[in-house]
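We just call them A, B, C, D and E in the order they show up, numbering each chain from 1.
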C-alpha cells in the first residue's frame, strides 16, 4: 500500500526545499501550488478511503528509528486527526492562490516556509510517537518565526521573539512532561518506548499521584500556551496582528495544541491524582477565555487585533468542550477547531485585503466599504456571521454542541461562557457596521475589490463554511468516532 | 609485538603533518594550495582507518595506550573536526607563505588529541594533552601581523600553561598517593586516596586544570577572547576539537581513575555545570561580536556536557559523548560560517576592527545564501531545535538527568536552552530580516564544502541518530565499566 | 633520609609563589616564569614521590614535563616577541583589544 | 685498622679536595704564564722576561697590582648583580672541579679515584654546573648597565646556546659507547683505544665546542677588545676583574682536562700495573696532566693562529655544521656501541 | 646505590659551594684593606668611549638572538631524553634493544625534521633580509 502518510508529510517538505531553490516569484508560487495540490490530492484520496466508523488507527506506518531508546517512526490517522489534516490540505493551496499576485521580497523563502509549515503541522497530526511528535511540534516554530520576523508589520521583531520564547518555553516544559512519562514507563516495564499509546497506557501505573499530576500539568501547560488560552495568550495578538496575512492564516491552521489536548490530555485526565481539579482548570480557563477574549476584542481599535482576540475567545470553546468530558462535547470542541480554521482564514484574508487596498486597518478610519468592495463585503459578512454563531454556518454547530453537551458535566462554566456569546455578537456586529456599511470614508480614496484569484480562494472557503454548516456529517462523523474512542480510553484509565 | 594497524590513524596523521611540512618548505608560495588537499586526504585516510577498525580493542605499549570504543569514538570526533578545518583552510591559507606551518600544526594538534583519546596512562595523557595544546597556542596566533590574533594567542597560552601546571600538580598527588600513573592502576588503588586529604587536593587541582581547557566558569575567561581573536578556522578547531579533548581526558581521569571518590567531585561538577551554562548564556545575550557570542555559547554547551559527570549513568554518558560529536559539527560549522563572513568583510574592504560584528551579518541570507542557511541550521542546532544533532544530544542528556531523579538540574538546563534561543534567533534575524549592503558575494568552494560536511553531520545525527547513539553507548560502556 | 614532607612543603611553597605571581604580575614574561615555577614544583613532587614509592615512572614523568615546559616557554616567548614588535608592550593591562 | 664511621669519609674527601683549589690557582697562574710566553714565541718577540727568571715572577707582580688597585663600583651599575656575578662564575668553576677525577690508584685490587667526590652521573653533573657560568656572564653583562657589556652579553649568549647542543650530543655519544655517565667509567672504557680514534668526528666537534664554551679565541666575541672595549668586563676593574679573569683560565684548564678524560684516554696507561702506591698515584696523574697541558697549549696557540670569527660565523658554525656533525657522530656511536657491546 | 650514598657524594659539592661563595668576598676584603682610595665623580661614570652616556643600556636587541634562544631551548631539551636512553638501550636493564634503537631513530628523525625545517625557513640565518 501507498505510504500515504509519509508522503503527505514529506511532499510539502520536499517542495519546500525546491521552493527555496527557485529564483523568481513565478517559479516559487508554481512550485508551492504543485506541492500543496499533490498533498491535497493525496489527502482527498485518504479521506475517501477513510473508514469513519472505525476507531482504530488507519494507514498506519511503523518503522524502527532509534531502537536503543525505543523511538519509532510511527504514523497513523484516526477520527481525531483526519479532519485537521483535511483542513490544512484544503486551505493552504487556497492560501497560496490568495497570495498569487502579491509582490514581496524573497518570494522563494516565503513559499518555502509555507510548505515547510504544512509538512510540519501535518507531521504533528500523524505522529504516533512522542519523539516524532515533539520534533514536528518544534519544527512548526521556525517557519512561523520567520514569517513574522521577515514579512511582519512594524513591531515584527518584538512580536516574533515574544512568540518564539513563549511557545518554546512551553514546548520545553512539555518536553519535561514527556521525559517524566517516558522514564516512569521505562522503569515500570523495563522497556524503552516512546509510543504515545504505550506511554499513556502506562500513565495510570505511576505510583505517586503527585508525579502523575506533575507530568500532566507539564503537558497541559505546553498545550495551553500554544492553544493559547487566558492567561497564556499574550503572545497571540502580537504575533497574529504583526504577521503578514499568510502568516496569520498559518497561525490559524496551527491546530496542534487542541489536537494535543484531545490526543494526550483527555485520555490521561481521569488517571491524574486530582482529576476534578484538572477538569476545573480546563473548564475555567476555557470559559474565562471565551468571555475575556471577547471583552478584549470589543475594546480593540485595530481590526486585525480584534480578529486575533476573537480567536482567543474561540479557542476557549475548545478547552470548554474538552472539559465537558462527554463524546459529543468533545466532538463539538473538535468541530470548533475545524470551523475556526475555515472562518478565521477568511477573516484574516479579508483584513489583509482591506489593509492592502485602503492602507489602514483601524476600524474608525474605515466605513462603507461595501459600496466599493461588494465581493469582499459578501464573503466577509458570511465569515462574521459564522464567527458569531449564526445557525446554518459551521460556527453555530460547534458552539451549540459545546454548550449543550458540556452542560452535563460543567454547568457553571457553560453559564459563565454564555455571557461571552452576547459580547461576541456585539463586537462582530459593531465592527461590521463600522467597516462595511454606513457612509464611505472619503479619505481612503479609490480602492480595488478582490482580484479573481482572491475571490476564488476566499469563496471556496466560504462555501465550505456554508456546506459544513448545513451538512457537518462528513467530518463530524469521524470526530464522534474519535471522541467515543477518547471517552472509552478515559473510562479505561479511570483509577 | 604491538599491532601497528590499530595506530594507523595516528601514524597517518603525524606523517601527513611531516609530509606537509617538508613539501611546503621546498615549494614556492604560489603552489602551496596543494598542501590543503594533502592534509585533507590524510584526514580522510585516517578517518577511514578509524572506521575500518572501529570495533578494535587492544592495549599497547606496556598498557599505556588503550584502543577501545571510547578512543575510537573520540578519534572520529577529532578527525572529523580536523577534516572540516582542513577543507575550510584551503581557502583561508590561500596566498599565505606559512601554509605548511598551519597544516602541520593542525595535524599535530589532531595527533595529540587522538593520543589523549587513547591514553591509558596519565603520563601519555598529559604529554598528548600538551602536544595538542601547544600546537593550538601557535595556531591561535597564526596571524602574526594581526594584534588581535596574537593577543588571543597570548591569553590562551598563559591560561593554558596555568592549567597545565595545575593539572601536573594534581597528577603528581594522585601518583604520590597511589604509586602509579596507569589509569586502571589508579582505580585499583583508589582506597588510599579516598581516605586521604591528598585526594581532595588532587581533585581540586584536576578540576581546575581540566576546567580551564573545558572553559568551565570560573576558569573560562580566556575562551571568549581567544575564540574571538583567533582566525575563525582555528576557533573552530579550538571549540570543536580542543575542548572535546579536555572532556575525554576528564572522562578518563574522573570517571575511570577517580571513581572511588566520586562523592567529592560530583557535587563540584554539579555546581560548576549550573554556573557555567547560566553564565555562558546570560553573557552571550549581550554580545555584538558573533565569534564572541559563539564562544559564550560554547561555554554554555560545556556546562551541558558537564552534566554527564553529575548524573553519571550510562545514558547520561552516552548523551554527553554524543553531545561532543554533535557540538563538534555544530560549532565547527558555525565558526567556519563566520570565517566566510570575515572573508567577505575583507573582500569588501569594510572596517575590519571587528570583522565578525553582528552588523556584518545583516542580510546574509541574500548575499551568501548557502552560508546563511548553514549558519541558521547550526545555531538552531545549538539551541536544540529538532530535528538536528543538538536536539538529539540534548534529548538524551537531559532525559537521563530526569531519569536519575535530578529534575532540578534538568529544569535549569532546559530553561537555559530556552534562554539561549534568544541570541541564536537574533543572529538568524539579522541574516534574514535585515537589509543587506553591497553585492552578492560568491562563496568560496572550500568554505562551502566544509559547511556542507558539517551540515550533513548535524542533520544526519538529527534524523538518523541510531548508529551514532549506538557507538556513543559503546564508548560510554567503556567508562561505566566501574560503575 | 630526608622526610617526604619536606619535599612536599618545598614544592607547595614554590607552587604557591608561582600561583601568587601568576595572579599578581602583569608582565607576560614574568607570568610565564611563574608558570614555570609551578611546573617545577610539580616536578619536585613527582620526583619525591617517585623516590619514596620506589617507582621510576615519576622521574620519567618529570623529564617529560620539563620538555613540555620548555616547548611551552618557547611558544610563549615567540608569541610575546610578536606582541612586543607590534605593540611595544607585553603588559597584560595594555592588551585590551579583546576584552578580558 | 681503626674504625671510621662511614659518613665521615665524604667530609674528609671534601677537605682534602679543597687542596685542589690551591692547585687550581697554581695551574691558573701557570696557564697565564704559558700563554704569554707562547704568544711571545709565536709573534717573534719576548714574552715576560724581566721579573724573575724567564719572567716567572711577573705573575706575582700582577697579583700584587690587582690586590692593591682601588675597588671601583660605578654609579649606574646594579650593585647586587655587579658584586654577585663574579661569585656565580667562580662557583661554576669550583663546582665543576668537584667531580673531575684526576687519576686512580689500585690498592689491593680496589680502585680509588682521585676526585673530591664520585657520582655515577658525573659527566651530566659537570655539564650542568658549567652551564651556570653562562648565567653568571649574563648577570655580569646585564648588571653593568653599559652598552658594550650588554652587547658582549648577548653575543656570549648567542654563542653559548649554539655550542651547548653539539657539546651535549657528543657527550651523549661518548656515554653511549661507554654505557655510563660516570667519567671514571668512561676513562676505563677507553682502555685499549681512545675515543678520539673511535669517534674522530665527535672529538673534533667536542674540541671546537669546548673551545667555544671556554670563550677562547677565535670564540671570544663577548670580549672582543677591538670592537667592544672589554665586552662583558667593561665596567670591571681591579680584583673584581681579576676574579672573572681567573675564572676564565680555570675554565680553560678544566676544559682541557675534560677533553683528555673523555677522548684522550684520561689517566690510562695500558699495561701499567704497579704495587707501589706512590708510583701508582703519580704516574697516571702525571700522564693526565701532560695530556691536558698539551691540549691547553694547543688551544692557547690557536689564539694566535686564527682570527676572531664574526658572530654570525660563530653561530652558523655551530648550528649548521657542528649540530649535524654531532648527530652523525651520535648515529656512529650507537652503531659502534651496539657492535662493541654485543 | 642507595639514597644515603647519593646524599654523601654531594657533601663535597656542598663544601665547595660554600668555599666558592666565600672566596670572592674574602678576596675583596683583602683588597679593601690593601688598596688606596680617592674620590672623584668621573671615576664612577659609565664607560662609553669617553662620550657622555646616553639612554639606557638595556635596550631591545635584534630579534635573531631570541630566535636562537627559542631553538636552543627545544634542541637542548631533546638532548635531555638522550641521556637516560643512552644508559639502557643495550638491554642491560631488560629493554628490547631493537625496539629501543628504532624508537630513538624515530625520535632523532623527527628532530632532524624540525632542524631541516628551521634551516630551510631561514631561522638559522643570522642576517635576515
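FYI, contacts are C-beta pairs under 8 Å (C-beta built on N, C-alpha and C of every residue); 3 or more make two chains touch, one makes a residue touch a chain.
Chain by chain, the UniProt names read as follows: A = F420H2 dehydrogenase subunit M; B = F420H2 dehydrogenase subunit N; C = F420H2 dehydrogenase subunit K; D = F(420)H(2) dehydrogenase subunit H; E = F420H2 dehydrogenase subunit A.
All of these numbers come straight from a predicted model, not from anything done at the bench.
Asks: Would you pick out the chains that touch subunit D and also touch subunit E?
Replies: Looking at subunit E and subunit D together, no chain touches each of them.
Asks: Which number of steps is the smallest that gets you from subunit A over to subunit D via touching chains?
Replies: Minimum number of steps from subunit A to subunit D: 3.
Asks: Hey, which chain is the most central one here, using CA centres?
Replies: Looking at where each chain's C-alpha mean falls, the closest to the middle is B.
Asks: So which has more C-beta pairs touching, C-E or B-C?
Replies: Looking at contacts between chains, B-C has the larger number.
Asks: Centroid of subunit A to centroid of subunit B, CA atoms only: how many Å?
Replies: Going by mean C-alpha positions, subunit A sits 42 Å from subunit B.
Asks: Using mean C-alpha positions as chain centres, tell me how far subunit A is from subunit C in Å, no decimals.
Replies: 64
Asks: Taking the mean of the CA coordinates per chain, how far is subunit A from subunit E in Å?
Replies: Measuring from centre to centre gives 80 Å for this pair.
Asks: How many angstrom lie between the CA centroids of subunit B and subunit D, rounded to a whole number?
Replies: 53
Asks: Could you pull out the residues of subunit B that touch at least 2 other chains?
Replies: none
Asks: Scan subunit C for residues touching two or more other chains and write them down.
Replies: 60, 71, 78
Asks: Any chance you could list the residues of subunit E touching two or more other chains?
Replies: Those would be 69, 76.
Asks: Which chain pairs here would you call touching?
Replies: A-B, B-C, B-E, C-E, D-E
Asks: In the complex formed with subunit C, which residues of subunit E make contact?
Replies: 3-4, 7, 60, 63, 66, 69-70, 73-74, 76-78, 80-81, 84
Asks: For a test of understanding, state which residues of subunit C touch subunit B in their complex under the given definition.
Replies: Per the touch definition, subunit C meets subunit B at residues 15, 18, 22, 28, 31-32, 35, 38-39, 41-43, 45-46, 48-50, 52-53, 55, 57-58, 60-61, 64-65, 68, 71-72, 75-76, 78-80, 82-83, 86-87, 92, 95, 97-100.
Asks: Which residues of subunit B touch subunit A in their complex?
Replies: Listed in rising order, the residues of subunit B that touch subunit A are 365-366, 373, 380, 385-387, 391, 395-396, 398-399, 402-403, 407, 410-411, 414-415, 417-418, 421-422, 425-426, 428-429, 432-433, 464-466, 469-470, 473.
Asks: For the complex, give me every residue of subunit B touching subunit C.
Replies: Residues 122-123, 126-127, 130, 134, 137-138, 141, 144-145, 147-148, 150-155, 157-158, 160-162, 164-166, 168-169, 171-173, 175-176, 179-181, 221, 224-225, 228-229.
Asks: Enumerate the contact residues on subunit D facing subunit E in the complex.
Replies: 6-7, 9-11, 13-15, 17-18, 21, 66-76, 86-87, 90-91, 93-95, 97-99, 116-120, 124, 142, 144-151, 154, 157-158, 161-162, 164-165, 168-169, 172, 175-176, 179-181, 229, 234-235, 238-240, 243, 311-312, 315-316, 319-320, 323-324, 327, 330-331, 334, 337-338, 341
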